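Following this message is one structure expressed as structure tokens.
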Amino acid sequence: MTERFDAEGFLKERMEWIEENKPLIHHITNFVVMNETANATLCLGALPVMAHAAQEVEEMAAQAGALVLNMGTPYPDLETAMLAAGKSANRSGVPVVFDPVGAGATAYRTRIARQLLDEVRFAAIRGNAAEMAVLAGVEAEIRGVDSLGVKGEVADIAATLAESLGCVAAVTGEVDVVSDGKRTARVSNGHPLLGRVTGTGCMATTAIAVLLASGEPYLEAAAAGLALFGLAGEKAAGSSGRLPGSFHVELYNTLYELSTVRKLKGIRVEL
Amino acid sequence: MTERFDAEGFLKERMEWIEENKPLIHHITNFVVMNETANATLCLGALPVMAHAAQEVEEMAAQAGALVLNMGTPYPDLETAMLAAGKSANRSGVPVVFDPVGAGATAYRTRIARQLLDEVRFAAIRGNAAEMAVLAGVEAEIRGVDSLGVKGEVADIAATLAESLGCVAAVTGEVDVVSDGKRTARVSNGHPLLGRVTGTGCMATTAIAVLLASGEPYLEAAAAGLALFGLAGEKAAGSSGRLPGSFHVELYNTLYELSTVRKLKGIRVEL
Amino acid sequence: MTERFDAEGFLKERMEWIEENKPLIHHITNFVVMNETANATLCLGALPVMAHAAQEVEEMAAQAGALVLNMGTPYPDLETAMLAAGKSANRSGVPVVFDPVGAGATAYRTRIARQLLDEVRFAAIRGNAAEMAVLAGVEAEIRGVDSLGVKGEVADIAATLAESLGCVAAVTGEVDVVSDGKRTARVSNGHPLLGRVTGTGCMATTAIAVLLASGEPYLEAAAAGLALFGLAGEKAAGSSGRLPGSFHVELYNTLYELSTVRKLKGIRVEL
């Protein structure tokens, strides 16, 4: 019999390490959520840096604790920068997390996502069901960057992607499913209001990156990051009167409190 | 005798439709307000997508419920993208809303605005008095992106622009004047604090786009969108202690409440 | 015996002038803080404009009350724009403020900073200890855009830079040190939570720019701007439960209150 994963204990240790070591989280991300993901990084105790010029991304990625590649507002120069940064991170052993925002919504995004998956070795990928289905070759309905439904089981999509890419694949939704191709974790933290604030998916990816910066095993780290973010969402919903403006503000507060005070009761990861 | 326009009833029906159908609002907008207009779109019950690469804007615009072109931080690639997206939307019958941010402030912005008006068929244009005056060929004083005054009557500017362009023209200010060239609506919702938060004009444009996505008649839809946004501003001022940081947060809350609960007493549209 | 600098009185007069004259603050800044610095500008009573196309920056900068060049997310076109805008501002007598975000973090950023310092005449530079040390040729440890420590005294770094560049140099940290090469001011306003919200350094630069738009002497103006911003941070910490999301919101509120009500007790500038 295998021991159950103690997500609370795992997170507590990792958050202490992060607060102490302040890993640099290099983001090449979309222009919608730059401020929001930088603030989420700070709330989690790490240091954000946003840098997307081809002239500097290799140098910046090489000194990072983790690299986030998020293609939410893609354009040609950003493709180049993401490829260069990803390869540099690979050479330096820096874990890279991919957020394929809107894969499937346009041929351009699908093409970029495939090229990144071909040329960069990712430690983790996080997307909604439709984005991840598209990358796994499964039929899906997507409107802009929002998933409207997929054919087939989310757990299968996660496992297929994880196995074929040799990385952790996280499909987020009402329950987040995280797979490394062999094992599957289910995270049931979260709140519907997260869907009423833009960029919360991107922040979830940032949370994964911050946890991955604290080291392997990446399946546990990714699941723990999502659980922490989801729990912050639950607590924020409770203290915000369930209105999206206040919820957005409270989300930073609860992320910060969870990261610094580390009262993590309520974390729900099945593994 | 013609019936008076029942803006409350109109809005109630439209907001129900929007919540149910979640139209995609494709924004090609400035880098200052990407997050803010995406969040306003979500608060209004629609789905935002920000995409500005020439490689994908035609495909994205064609599947949208409405397209926003906002030239607040223009640069050459964005010009190209806005023209391509606008024409694609025109081909697909998707209504296009234009926000000529800073027209008149520099020759470059005035030139872009004129080219867009020449090559794209707009459903609606919204700007402050100075921006709209410049486009109508009327003398105006502008500082950066703020209107300091215009020669002539705002209602004439709106009517002239609407008639010459064959679209709805909305000049926003203390009272918003919205014309389709034949009829003119006046919206007296709003609050001075909206002038103390950046991007509220851009959010008003987003509100118009969300309403236009629910169908014609566009004069009524545009006026109703502005009234809804202005009423949200009034309510936000009341609940925020009249301080701009809190007001900004409350604005999302009130937009969301008005869109979901739909208690629309206080909407003031004269038509 | 020289008189002590009355920062409170100075600020009161300047904030009245700013509210009345609404100077335009042209920012060419990073994509992380565009919204935040625009809102800080509005809270301070000035008008922000963000414009970064080479096609318009010379025209925009020439009509501004002050120009901010912030290299937080640099790329080649932005270099060109910053150089052109800076030179235009110099020709028009518009004070230019430089924020060398991340100088020292990559060779690319260090190179851009040096080129700007060579080709543009700045009225003031503001950075953290590591950024300013790098520009002064002093050894420093930097992670991303955060200073982890410098060799030598911050006051020497400020004075060296100020003297060699013929401008005001502000090194911000727990105590801000501001020098014009001959005299040195120390500002002890501020709060640790400012380090938990991204872009507060950029906002401090904006505060300097707003004050410089009200005229010389620039040493006093820069120190007063930093003190005002720091005091806003202290007050925001007190009213936000010391949580970063609420603190960020309160920061705009307190900036606005200090700018409009002008109860400036607590300003601490030694000069």
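We call the chains A, B and C, going by the order they appear; numbering starts again at 1 in every chain.
As a working rule, a contact is a pair of C-beta atoms (placed from the backbone, for glycine too) under 8 Å apart; a residue touches a chain by one contact, two chains touch by 3 or more.
These figures come from a predicted structure and were not determined experimentally.
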Angle of the rotation mapping chain A onto its copy chain C, from a C-alpha fit, rounded to a multiple of 5 degrees, please. 120
Taking shared numbers over all numbers used, above half giving same and below half different, the chain B and chain C interface sides are different
Chain B-chain C separation of Cα centroids, rounded to whole Å: 33
Residue numbers in chain B touching 2 or more other chains? 31, 35, 248-249
Chain C residues within the chain B interface of the complex: 22, 24, 26, 31, 34-35, 38-39, 42-43, 47-53, 55-56, 59-60, 63-64, 77, 248-253, 256-257
Per the touch rule, the chain C residues reaching chain A in their complex are 30-33, 35-36, 72-76, 102, 105-109, 143-146, 195-199, 241, 243-246, 248-249
